[in-house]
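In the part that follows, the structures are each spelled out as structure tokens.
Next come two complexes, and both contain chain A; in the first it sits with chain B, in the second with chain C.
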Partner chain A sequence: MRKPDGKIVLLGDMNVGKTSLLQRYMERRFPDTVSTVGGAFYLKQWRSYNISIWDTAGREQFHGLGSMYCRGATAVILIYDVNHPQSLLELEDRFLGLTDTASTDCLFAIVGNKVDLVEEPAAEDQRKDGRGPGVAGRGGGAPKAPRQVQPEDAAALYRKILKYKMLDEKDVPAAEQMCFETSAKTGHNVDLLFETLFDLVVPVISRQRAQGPPQTVDITSYKTPGQTPSGCCA
Partner chain B sequence: MMSTKAFTLVSAVERELLVGDKEQGHIECVECCGKNLYVGTSDCIVYHFLLEERAQPAGTATFSATKQLHRHLGFRKPVSELRAASALNRLLVLCDNSITLVNMMSLEPVPSGARIKGAVALALNENPVSGDPFCVEVCIISVKRRTIQVFLVYEDRVQIVREVSTPEQPLAVAVDGHFLCLALTTQYIILNYNTGVAQDLFPYCSDEKRPIVKRIGRQEFLLAGPGGLGMFATVAGISQRAPVHWSENVIGAAICFPYVIALDNEFITVHSMLDQQQKQTLPFKEGHILQDFEDRKRRSFCCLLRTGDGLLQEHLQTGAELKASEPERNLLCSSSFVDCLHRVSQVKRGQWVMGLATGQVNSRGCKEMIEVTPRPGRIRVGGRVIVATSKGVYILVPLPLEKQIQDLLASRRVEEALVLAKGARRNIPKEKFQVMYRRILQQAGFIQFAQLQFLEAKELFRSGQLDVRELISLYPFLLPTSSSFTRSHPPLHEYADLNQLTQGDQEKMAKCKRFLMSYLNEVRSTEVANGYKEDIDTALLKLYAEADHDSLLDLLVTENSCLLTDSAAWLEKHKKYFALGLLYHYNNQDAAAVQLWVNIVNGDIHDSTRSDLYEYVVDFLTYSLDQELVWKYADWVLQKSEEVGVQVFTRRPLDEQQNSFNPDSIITCLKKYPKALVKYLEHLVIDRRLQKEEYHTHLALLYLDEVLQQRPGANSKGAEATETQAKLRHLLQKSDLYRVHFLIDRVRGADLPMESAILHGKLEEHEEALRILVHELQDFSAAEDYCLWRSEGRDPPYRQRLFHTLLAMYLQPGPSVPELAVAATDLLNHHAAEFDAAHVLQLLPGTWSVQLLRPFLTGAVRDSVHARRTTQVALGLAKSENLIYKYDKMKLKGSSVRLSDKKLCQMCQNPFREPVFVRYPNGGLVHTHCAAGRHTNPSPPGPGART
Partner chain C sequence: MEAGGDTTGPPPGDVEDLEDTRFPSEVAGDGGGLREDPPDPGDGDQEETESETKDQPPSLLSPLPQSGAPSCTCGLWDPAVSENSPTGGPESGSGGQGGDPSDEDWRSKRKHVFVLSEAGKPIYSRYGSVEALSTTMGVMTALVSFVQSAGDAIRAIYAEDHKLVFLQQGPLLLVAVSRTPQSAAQLRGELLAVHAQIVSTLTRASVARIFARKQNYDLRRLLAGSERTLDRLLDSVERDPGALLLGAVRCVPLARPLREALGALLRRCTAPGLALSVLAIGGRLVTAAQERTVLAECRLDPADLQLLLDWVGAPAFAAGEAWAPVCLPRFNPDGFFYAYVARLDAMPVCLLLLGTDPEAFHDMATCRRLVEEGMHTLGATRALREAASFSSAPASSAPAYSVQAVGAPGLRHFLYKPLDIPDHHRQLPQFTSPELEAPYGREEERQRLSDLYHRLHARLHSSSRPLRLIYHVAERETLLAWVTSKFELYTCLSPLVTKAGAILVVTKLLRWVKKEEDRLFIRYPPKYSTPPAAPAASTDQPSHNGLFTGP
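Entry: the complex of A and B
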């Protein structure tokens, strides 16, 4: 197995479309997906680097695994559903804490998925309650509803994250650069999201490589304890 | 989910073997080490069995266990864990919170009575931090609350090295190096007992679920996570593999690369670590132990021993049965010794020497050991996996990887087969793996091919470095009869040929053929083709010919390796005669090629590949180096078309036109073909500008003949007549080589005035020529042109004389012809500059009006005025120049030069000894001899040139 050089983790509430987004990018398709169990990952070769992309389970049950997946992550993609304001709130309440284990210079991207379901000119108020079994299952006939989450809300969260991480806005990519609205179904902005992130991640990886302590154990410095003669042949 | 058969479950120890008569004792734990199988029971008995493996032809194995002995440990508690330390020949027995050391063979406790007290659970460190080969590292969960202890266990003593307290009560432990992987009450953690640094992994609930902590390899553990997940975690607290999805109530897990095996109350499930998919499910009720035992004794080492007799190189496979009769080998095969090698070589090469060069070694005549080279990767794929119920012990026997892969391929599960093969890479020696993997890729390629998944097939063939002939051989008749190819054995696929594969479906067949075409075309220029270019190109030719593909011709006209006999027969069969000709040509059989093409043109055989085949043949002959061939078919091409056929000679590369293609022979040959002859002579005279009188005269005569011939029907073929005539006139005008007199004789009386005029002109008989033009033809513009033509390149007086001659002819006294007068005025007005005006005025009749000659007169006057003014300007300029010189002269003479001792010659820097000197215009003084010696100005101090 190729050893990954960097890690990107997808986080977000259940049914926001993490798996669909990743599959759209990696496999160029939008299949029906079932609820992710635990996690899954893909390896993506970008330039000379292997980047592993981890898809996590949004279900509460697997919440405890999140921080392990985030450990040492070079970038975290926080995903919400633009039609469900609660999913954005969850990012802050439940998922942000999981990223404490990520590397200190971890990058954050905030992604509003399912923009294909947004009815752009807000004509009729067809508010849809309850979260159904994922958009993927609903197929093409999904009713459109006016936008529930504005892009500014995501940008506000991004700034909040920076504050939480005690990062200076000057040192990290701007909110406009790191907030995306995508549709895994139509593919809208999906490549842009991942490729923008890869391009930002690569310099981080090379920087970490340059600074990081050697990962190999120096066996020559090891001291053997005093040896006793063996009685094996006695 | 389609299932794979990765394991078979075979029974190892039936309950009858476990005493049998006592009903209350049931299995609590098992341990397996090499062939030794130990079973601990609830009634405090340890059994020792010897496992014999018997390979079965089907690929799986059966086991039979022979009981060696059993021993009651003397407690009333169950034996809760057993661990073998083969390096020490000790079995560690956990019973009643105490770990006892017993001899692996006799099961007798060590005489020293060494034991570890207060242990709830234990784990052996398979990646020990100590370099000491004569001890094992054991880690225990202590009966003390929240305490883990680390011990070193020697043959007959134990030593505590560390005690670590944990944040919560530990329930399960695994260890790798300094890292403890612990299941605590509410979460899993990694704890470095050396530094004390703890790393949280993830929470779980010990109330609901029994934790599983399992070391699966270097620095990596497998844990039972929430929701029935099998989670992987490294010592750094990172997950590098995606989790596998078990059932909620898994009670045990084991690893047998590349599979994760899990046990619950009803099933054994097998997941692949490579794609996380569940691969196999085996029903197994009431199982409560699942354990893997890495067969650590299968590593091999290369030892170089220096004995009294010299060097002895020994290749050791640990655990191998070696004959006791050979003393050196006997020495080496001792298990402790082998484990030493294993450990020591891991730590540091060289350090072990001191440790091993003990008296015993020397006493056997072995002076020193100078090299130990571990051969890594010789581990058998996976170890032994054992499951047990309370009554019986079973072994999960892995099917050989190759068999598994073949099974997958047989059920067309290409992706999985490849993943499995790739995953096996590190467990199989490199060379063997490459051979195996290539073969699998090729097989996979054929599977994709049979499903018409050509893109995938191509990629697999490419990466599997398939011998292309394997693919070609699927297509009937494509391989040349002479090919020595035989399909690989065992076969890469199950198909006899394409007919069988497509079941006669013509459309599929056509698709397969198109694929092969493109594939062969791609590989023929790559290294894949090395060694069998003939087979590839011949096959490609056959495919192209059969499919009537345009590339057939491209293939044949470029570098190729098509085999002649095979290809020729095939092309003939498919009536590709033109292509066949190309093939002959490529094989240096031009005569056969041309004969074939001639037959096509003649209609003897039919092939419509080229509608312009005749031209093609002409072209071919033109550039053919085979002179004989050209002469042989010269008549044929000329008979077909004189104009085109003659190109054989006219377009021939120049350097070749020497030898037998000299003009005279060709002209002789062309005697019968007048049109061709004309073309050829034109080629000689006009294109090649051969300055040979004969050709020029001959050509002129041929033109003339044609003109004369066309005469009678001049009206009907007017255009053509003029064309030939124009050519004749052009030749007569431009060439200076033909025999003028001879031609004048021929032209005379033939009523060809223009031609006569030209010929006269050639003889400088201008009066006669102009007479013909003016009086016979009355073509005044021709007359003017004549003057211009003849005076081309001559001096102005000659030109003037010609024009005056013409003017005189116009003004000739005689019967007044009005046209002549008009012609005269036009001539004067148009060519005013060619005349001497004064002379013309004398010639002109006085009656002509000035108005009539206005352009001429105006021009003449202007010329005259212009000439006068120009001359005046020139005169003025000359005078002024003269004045300048005069001025200079005055200036130079005007002042005196003073010569003293201090003045030095500018040239030689010596003083002047004589009064004679030379003075340059810029004032520099030099000796006369210096000036004579050098004619140039001595580097002038300022501007000024000698005038």
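Entry: the complex of A and C
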């Protein structure tokens, strides 16, 4: 049985392409859009480490499972849609709070997905998102739209996150290194994103190991505290 | 056998009426004949609809006015309807494109299903984009509140060849507009299934809470993605009838010892808070085990089980291990379970573990490994893979068998639901049916057969004039439907079969089913499993998420 050594979580609004991004990386394909139900768990072997990746459903805040997905995470990938500024705002408004349960030295990456839909005179590659009527007009209407979110906006968010987490910019990777623009459809930057992150995660894992007892809450040992409330509820 | 004696069904003379009505209805279905449709009021039609309803109320308010009356339904009996768009591709047909109510293509759909909020805000439409339909949905809300203002509730409207069925569930309004031969009761069943699907993702309590807080909330935000599940549900009614029609689940045919061994295995592999474990292949049940402490008095409703089976068949679960909240509407519409879903060993076999602890993912993952190891030791892997791969249908990993296996020439297809389930196993209604083969390979043909089955079912279960046996000679096949205290049976036979020949075939089929019943059905479902340790943990878990707050 393989035990995950590190945990990476994908977060972002509905329909920004979390699952597509992950599947592009794991399975080298761009699947038909399938709505994620709850969270999906994958294991990736990187060097001698097993890294677990949680894909989430984009409406976690509703089910209250978000913090469970994030608990003890070594890295969080925050994903937005470059054609939809709102999805970047949502990251700060709704998803950042979920990462409170992540490990204290958690890494953050900010990813603008769907760059294939931006201005470049690309062929009509719409319809990639037939679902999500609530966001119609984003992917469905104009074949190509001028860029809606600038890379600087993402970098600004990254700095905000550091502030929120009270991290010093000098101790963590720079914004330029942790902000990506990807396309799950064409595969643009997808490998770069995951591999950069894995490379950054590995030293964190070994450092955590060296420190001995994990500072993070270990879910596998959760059973023991779990029984304490049982006494009072019974 | 005494089939002849039992016959209370219509004589074959029936057929002539049907032939007569066929052509007109076909013409109507074809072209501009749709003008009188009340359900899809384009701008011009709106008035018509209004007046229509004003005329209607007296009759609508009587319970199920004419569900059995031939006058309204005989036109629908005919499969002529199948000429229009066979519901598009598997997953894609439902797209959010097009769907202007004035669009001919949209209007020609056989059956529309809408979900809207009390405030008239669109939530779901089977076809077309919900945005384009806001006016149409406005009309529906108007109809409902018009009748409501008279202190009554609208149930259905029968208009020419259309049936409109309304179902109010809390702050949600569900509407079916259908030209299929389904009875209003069947359509209502479908709407209930749609509602259950919505509740399973959100729970009834939170739907109510959301609308109590903000009446014009756009529920689509929370349901995004579930539309496809709803589409699949509605598709399955036309493509592969049975589950919803008979209110029963379909089992994977499997030798009894193996099934029992798997059941025992599931009972052995427990985890804290585990309430239910299910093994399924392609939406069909292999076996299931219930946890005694958690589900003690509450038997799992077959509708809930079917919902889970449909749910785990979703493409979202095709890879990885998933962990998601799910609500079982019949069991408790207001609380969540947490479901672990994974495919075993890259097989089409799917394991579902349902628990009450939102943090138990890793426990469940461990449990899954136990199940996997257990299956290896049982050597079940190969047998299950064989069961899964029989299917000759392309792109289907559903385990099935051919109607040839019965060895009754002339028999094309059947649905068989045993009613003589041994005592205390009544909680799991099941049915069996062979794979749909030629001539029912094509979409339209399947739809036609589904229509025929629905029609027969509606006749058998008509509230005013229930029948026990129907022998029906249709244009392209002969059908025999029969319900006794022991079983409910629908058979589809070759059109050339004689009445005596049909009886012979059915006798053969019944004999075959009797012989195979241990394989086709779960005759003796596994008993409860008891958690090996930490009983305290599982009994009180429910209180964590508000489940089991009352008896």
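Basically, the second predicted complex is superposed on the first by the 185 of 234 C-alpha atoms of A that agree within 3 Å, B and C clash if a C-alpha of one lies under 4 Å from a C-alpha of the other, contacts with A are read in each partner's own complex, and residues count from 1 in each chain.
The rule is simple: contacts are C-beta pairs under 8 Å (C-beta built on N, C-alpha and C of every residue); 3 or more make two chains touch, one makes a residue touch a chain.
Quick caveat: nothing in here was measured; it's all calculated off a predicted structure.
Touch criterion not met for A:210: it reaches neither chain B nor chain C. When the shared chain is aligned, chain B comes close enough to touch A:72, but chain C does not.
Of the two partner chains placed by superposition, chain B and chain C are both touched by A:37.
Of the two partner chains placed around the shared chain by superposition, neither chain B nor chain C is touched by A:166. Residues 1, 37-41, 59, 62, 64-65, 68, 219-220, 222, 227, 229-231, 233-234 of chain A lie in contact with chain B in one complex and with chain C in the other.
Residue ranges on chain C touching chain A, taken from their complex, read 91-92, 95-97, 129-131, 202, 206, 218, 220-222, 224-228, 272, 311, 314-325, 336, 339, 357-359, 361-363, 365-366, 369, 534, 536-537, 539-541, 543-544. Residues of chain B touching chain A in their complex: 130-134, 154-155, 187, 200-204, 225-227, 229, 231, 233, 236-240, 242-243, 245, 276, 331, 334-337, 340, 346-348, 351, 354-355, 358-361, 423. On chain A, the positions that touch chain B within their shared complex are 1, 4, 7, 37-41, 52, 54, 59, 61-62, 64-65, 67-69, 71-72, 101, 219-220, 222, 224-225, 227-234. Across the interface of their complex, chain C is touched by residues 1, 14-15, 23, 27, 32, 34-42, 55, 57-59, 62-65, 68, 130-134, 136, 140, 219-220, 222-223, 226-227, 229-231, 233-234 of chain A.
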